[in-house]
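Here the chain labels run A, B and C in written order, and each chain numbers its own residues starting at 1.
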Amino acid sequence: MSASFAILQRVRESLAIARLPRPPMPTASGLPEIVDSLAVFRDAVNALGGRVFSPEPDAVVGLIVERARNAGAGDLMAWDDLPIPGMADAFARAGMRVLDAVLPVEASGRTERLALLEGAAVGLTGAEVGIAETGSLVLASGERRSRLAWLLPPCHIALLSRTRVLPTLESVFVAHPNLCVGSAEVALIAGPSRTADIELTLTRGVHGPRELEIILLP
Amino acid sequence: MSGSPGLPDFGQRVAKALADGQLRTALNRATGRFLRLRAEGLASLPDPDASRDRARAIRAETLASLDEHLEQFADRVAEVGGHVHWAADAAGATAIVLNIAQRCGAKLVVKSKSMISEEVHLNLALERAGIRVVESDLGEYIIQLARETPSHIIAPAIHKTKEQVGELFHELLGVPYTDDPKEMTRVARAALRTVYLEADLGVSGVNFGVAENGTIAIVTNEGNASLATSAPRVHVAMMGIERIVPTLADLAVMLRVLARSATGQKASVYTDLITGPRRPGDPDGPEELHIVLLDNGRSRVLGGPSAEVLYCIRCGACLNACPVYREIGGHAYGSVYTGPIGAVLTPALEGIDKWSDLPQASSLCGACREVCPVRIDLPRLLLEGRRQAAEAGRTPLWSRLLLRAYRHVATRPWLFRLALRGSRLLTRAIARDGWLHRLPPPLSAWTATRDFPAFAERSFSMAWRAGRRR
Amino acid sequence: MRALGQNSMTPSRRVQIFTTCLVEALRPAVGWAMVRTLERIGITPHVPEVQTCCGQPAYNAGAWQDARAMARHTLDTLDRSPDPVVVPSGSCTDMITHGYKELFRENPEERARSERLASRTREFSQFLSDVGAVPAERPPQRVTYHPACHLLRGVGVRGGPEQLLDSVPNLERVPLPGAEECCGFGGLFSVKLGELSSAMLKRKLDAIESTRAESVVACDLSCLTQIEGGLRRRGSKVRAQHIAEILDGGE
């Protein structure tokens, strides 16, 4: 008898005799009513210690380079397929190097590459959507979209289309039903990394990035 | 120092905790703060009751068809290239993880918080096999260095002062002493960095598994789970079989109440929704994803009177609300799961014989039920635990005899009156100014700190019967 | 004279008092205060003579056979009359209205009996809030109110006792810091884990003394015995009174 069969069998036997409470599902959804998702999102991100920028369309590239320089880049990690024409050139002109984020499959190559990527000062990514209720960014990994880009470097810069802010996580799953199926990792990120494990003193940038900057695209 | 009558070892642990002024100061601050934050977090919802009721209904619905959801979950995980392992008990779970670790030649394992891994004592098993294990959550990292166990589900090192942590880091990491939390966090970040980048295997917990598509949700504020499950080649995720939700929409409801109940946040900083390992074309991610489903008594609990305890989403709110936990902290319970939930879950999973003390560690005030996001009736479950303890003969003899005698008397009104009269005579004889200041054991536990009134001169019914109006 | 509270149920002219073992044994004055307060609003209380104990101590200790025996006796006692039952204790009320259903969960007939009894059982202050109380004159006093856990979270009485106290002329009520925190009694818990119970009590006593109230008022003699025992031991002059004693006037 396989382990799964044995466990499932025990579950079925228990359910046959169980007297579990059967509370009714309430009709009220309990969902917050959010009218201006973008405004609520912006406020929430700021409250969490993140920053939101709203550049003019032709100032986006310049702003990205400026924020990257501000964060000390040098080296950075960046998604390959960002919708910013001229980005690669701008980095090159600024003397910044975009590291190759593809990890080799075998162990030693992987460790080597990770050590290299640790030198990145900035991780530049896109974002699927923003969630107003919690001030969260939703990022999905995929081809040319490294997840370490939003985890390893101390500064994370995310590009989010200003029309893609939804009120709640529920609404995100409804609008994007294949989100999780389509990606090995979907990350919901609400502000920079933090902890209060030492005497409840809030500290930022424990393991994940210390800075989270969101640049709103048209 | 006296233990409490009838509860020696547990009583000793309680006495030790009560004598630790620093512990109690720390507990006071932490629990008070978390409670306040929780209240604010829930108050910011338009309808907190509806959110909690929905969360409870989802848990109930899930457990009522747990086998179907588990099967669906396992199928979906396999479809996206993950491996599901089923562990009947702790030994089974550690064997599975050890096997995976050895197959990939792991020498270094990085862990993010997993109550399941503590329940099965995974770290010990890995270390015995010569594998180095490093906890990445800052609080867990601290207590790992200190060779202690966590004292709180959300803030494991809450019992440590910053000075104590500073000493620990200075001694064991060789860094200059500092008591600045920000500086210490930097130290920990640097120390963990190499671990993330060099670890062969990452072990995490799972907050919820989503049956409809095989996604596992992992929630942290530090991002340590994100790194621990993205950098190493292999990811092992451990979850109890009850930590399933049917759909992503259900997951959204659970996440909403989890964060607010635990720390008052609207969402944890990092919520990782992982659906299988690295996909072809992905630049990174683990090559292998293994999910270990642990039973360890849960399937049995499901069929019994304490099944409701399986609703728990491990938010820690009941610990923060509990006036007993606030006084004694987690270590006094002596178990992996502490506080009100631990006092029910531990005996349910491991048997009342070994853990009969835990359900007694409560005044049944009900604060836990009041704060539970899924409205578990913890006081009822604690009473059920006490019933089982009494049936197993695990209550103090004096208490059993006293109650048996009291039942005898209280079912015979004439005897009740007689006993009242006798008690009246006795207490009034030994009282001073109508009060008793010293009673023999076990009642000495009362008079150690409190006076007790002598019985009244005339009981109410007696006077009523005599037609007296005072 | 003024009446309080909405009339949410047609007031019965007769009620029966379930005295509770603590009132019986330790402070019968509470029983008398109840009687007079009820008579003042035109209600005739009677006291079933064979009543003893609701069984809560045994229930809480897990000795459910013993508890069931006492519960059956209480059911028999209170079922002799169809009159509503009024109880000067939140914990005993909680036992009768909720605990009995759990005790008799395997026995549909006794469970049904318990449900019927539960539907006509009220804690004393709850009853007064329902029908409207008329507090008597009393000398000026500064009090603070401690809500018993079983009353607050078990029976669900919140705000009513405070309103009743606020309607008493000359009574100044100050809020109690950490009011909803347990006093540490918990039945036999107070003895089995005496040090722990005392640590919890200390917080309550410190909070009470911080209010500079002359008296702490509660609806439960269990809490009051714990609190008064501690107040006396630390030489405090603060009194511990049952709400019935306050509403009844006198000193």
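Just so it is clear, a contact is a pair of C-beta atoms (placed from the backbone, for glycine too) under 8 Å apart; a residue touches a chain by one contact, two chains touch by 3 or more.
Model, not experiment: these values are computed from the prediction.
Engineer: Quick one: name the chains whose C-beta contact count is the highest of any pair.
Structural biologist: Result: the chain pair A-B has the most contacts.
Engineer: Which one of the chains is farthest from chain C, going by Cα centres?
Structural biologist: A
Engineer: Averaged over CA atoms, how far is the centre of chain A from the centre of chain C? Could you give it in whole Å?
Structural biologist: 54
Engineer: Quick one: chain B and chain C, Cα centre-to-centre, how many Å?
Structural biologist: Here chain B and chain C have centroids separated by 32 Å.
Engineer: Please tell me the distance, in whole Å, between the geometric centres of chain A and chain B computed from their C-alpha atoms.
Structural biologist: Whole-Å distance between the two chain centres: 30.
Engineer: Quick check on the complex: what are the chain B residues that touch chain A?
Structural biologist: Per the stated touch rule, the residues are 26, 29-30, 33, 45-51, 53-54, 56-58, 60-61, 63-67, 70-71, 74, 80, 84-88, 92, 105, 136-139, 142, 155-158, 160-162, 165, 181-182, 184-185, 188-189, 192-193, 196-198, 200, 210, 213, 215, 221-224, 226-227, 230-231, 233, 241, 248-249, 252-253, 255-256, 265-279, 281-285, 287, 293, 295, 299-305, 307-308, 375.
Engineer: Could you pull out which chain A residues touch chain B in their complex?
Structural biologist: 2-4, 6-8, 10-26, 28-33, 44, 48, 101-103, 105, 107, 110-111, 114-115, 118, 131, 133-136, 141-148, 151-152, 168-170, 173-174, 180-181, 183-201, 203, 205-209
Engineer: Residues of chain B touching chain C in their complex?
Structural biologist: Touching chain C: residues 2, 4-7, 11, 14-15, 18, 323-324, 327-328, 359-367, 369-370, 380, 383, 385-391, 395-396, 399-400, 403-404, 406-407, 409-411, 413, 416, 420, 423-424, 435, 442-443, 445-446, 448-453, 455-456, 458-461, 463-465, 469-470 of chain B.
Engineer: Can you list the residues on chain C that touch chain B in the complex?
Structural biologist: 19, 21, 23-32, 47, 49-53, 55, 57-64, 66-67, 69-70, 72-73, 102, 149-150, 152-154, 180-182, 184-201, 203, 225-226, 228-230, 232-233
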